[in-house]
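Two complexes come next, and they have one chain in common, chain A, joined by chain B in the first and chain C in the second.
This part shows the complex of A and B:
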């Protein structure tokens, strides 16, 4: 019985991991590319930095609040989407950068 | 050469500011022109890590220009030692004459511009005054500290990238007054004569109350001058 339960739990976990997709957003010329993305709960938002200076990405959205900290050039940062909703992501260093995120 | 300037200073004594202008012009063309160009717009062919300020757009008053020429930009918080001190090169009168020429020739209305833009900004209400400290602290650490550092010394995390592509000012040493700091944050460095927009304009992101709160925070916590 224990083996069956363990197998079932493992299957669910593997399915969850496999189902989660990664959506890539680049930061280039002080712009989020693309400037809007749609994901599902459990998916990952992956931030790249193609500029030759540091960036950041954060949101104050209550359900999905995150702040990736400093992101040096060439470094990727990954954030998991926790709840459905629509919110803006900004870069704390460059005020004109804006990313619209929809989580379904 | 010295006799030439002695003659000029004698002439200033006799004929006043027009001669001071001519002395300043002569000295500017002798030294400053190689970086800042004939019209103060800077020499675009130079390969410097920080390009010289466009003197036709600078936020500095004549007195502040004199202070920068005298002590050099690093003394007043610049990260790069590109604008050197001329204290040991020129006499006090000569330094004053250069600042006078720069101010009159390239940017004669800077004080009017500062006053006009300041008067256009939103006034802070009594109710808002109580909220300024909290708001200023939050926004400084949310945005400004990435470059200017947690203690305002211009050594924030974003300066530690290997390309060393940004050069934020040490705010503890700034010679700008509160109005000027507000206008610098609001309109950004490029508006005031820098060649890159490393110090961006924050006017589309934050209202005047928020920017004035940040200025208050900087004044109360970092300024040493």
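This part shows the complex of A and C:
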């Protein structure tokens, strides 16, 4: 019986991981591309940097707060979405960059 | 509602420009025809006039000897031409940073070197309250301004239905500051199609500015700033005991030792340079920025823009000559000799 339960839990976990999707946002010409994204809780936001200088991405949204720190060119950074909500993401180096995120 | 600054001349310029620079879109270098204004503080003649009096009025300080213009004077490049506000603040105190120019501050999304204020209205009260500057508690400020009949009348005209508070005082000062914008420089004439407006050396400098020097990585668009924050490597290693810049606003890793990119408009008038006022000349400032910062290695969180561009002395001189072409005639402002009583 225990084996069945473990098997079931493992299956659920695998399905959860498989179900989580990655949404890619590129940072190019000091712009987030695309400028707005919609994800679900558990999904990952993947930041790329196609410029030849450093970027950053952060939000002060209470439920999804993150700060990827300095992101050198060519390096990807991944952030998991924790809770539903709408919030803005900015680049700490280039404050004119703005990304609108909706987590459902 | 937007303020119009020679819209017709700008349109003509745009047409001329479109035919004179086919290969490159230069429109981003044109001075805008409008000044951004918040919905709750649209510009009016009355608000600008009130703000002008407040800006130059030393009674806004606790000592009665310091005004906004003490550190941001129109005859001194809208700064005080000192490295830091030495012996200018209350009781001769010294502020920690160079007084930035307020020219074109109206176009900036973040105010102060560390960007801690998001509007001119928010910025205006900071120096009034700061103990190293005007040292005036805001409740005392309100009381003093309310006690002056002339100001009561001017506020009634400028902000009918609104009380005299620190907020309305800030709104009036911000209104005046929105009139402190660039006048037409030789560079503006050049961009509009007058190819004789720049000297041969300045044209070489312009080419270097956009090209080999990579100056536009940070000093971009008409106001010659990207509105961003960078650590340009003025100090090596950890910044113990030194200025942490925007990191003091919130300790984000990317904000360690970063400061706002200043405008280069009228930059020849607003020496010395950098947030600590440690550099006296444009030549030295250009050499530092163009050759990877004062310290090339071991700078924590140094901007990736700061690389050695291997500029020669002649190239630095050419870039400086170009930056001198970014100065226009002084903004036409009448400094009050008499104040509301």
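The rule we apply is simple: the second predicted complex is superposed on the first by the 104 of 104 C-alpha atoms of A that agree within 3 Å, B and C clash if a C-alpha of one lies under 4 Å from a C-alpha of the other, contacts with A are read in each partner's own complex, and residues count from 1 in each chain.
Everything that follows uses one rule, which is that contacts are C-beta pairs under 8 Å (C-beta built on N, C-alpha and C of every residue); 3 or more make two chains touch, one makes a residue touch a chain.
From a predicted model like this one, the values you see are computed outputs, not experimental measurements.
Annotation: superposed three-chain arrangement on chain A; chain B versus chain C shows a clash.
In the overlay built on the shared chain, the residue A:70 is in contact with chain B and with chain C. Contact with neither chain B nor chain C is seen for A:34 once the two complexes are overlaid on the shared chain.
The intersection of chain A residues touching chain B with those touching chain C, taken from the two complexes, comprises 52-54, 56, 69-70, 72-73, 92-96. Within the complex formed with chain B, the chain A residues making contact are 52-54, 56, 69-70, 72-73, 90, 92-96. By the touch rule above, chain B contacts chain A in their complex via residues 142-143, 146-147, 157-158, 160-163, 165-166, 200-202, 204-206. Residues of chain C touching chain A in their complex: 109-110, 115, 217, 226-230, 252-255, 258, 301, 303-305. Put simply, chain A touches chain C in their complex at residues 30, 52-54, 56, 58, 67, 69-70, 72-73, 92-96.
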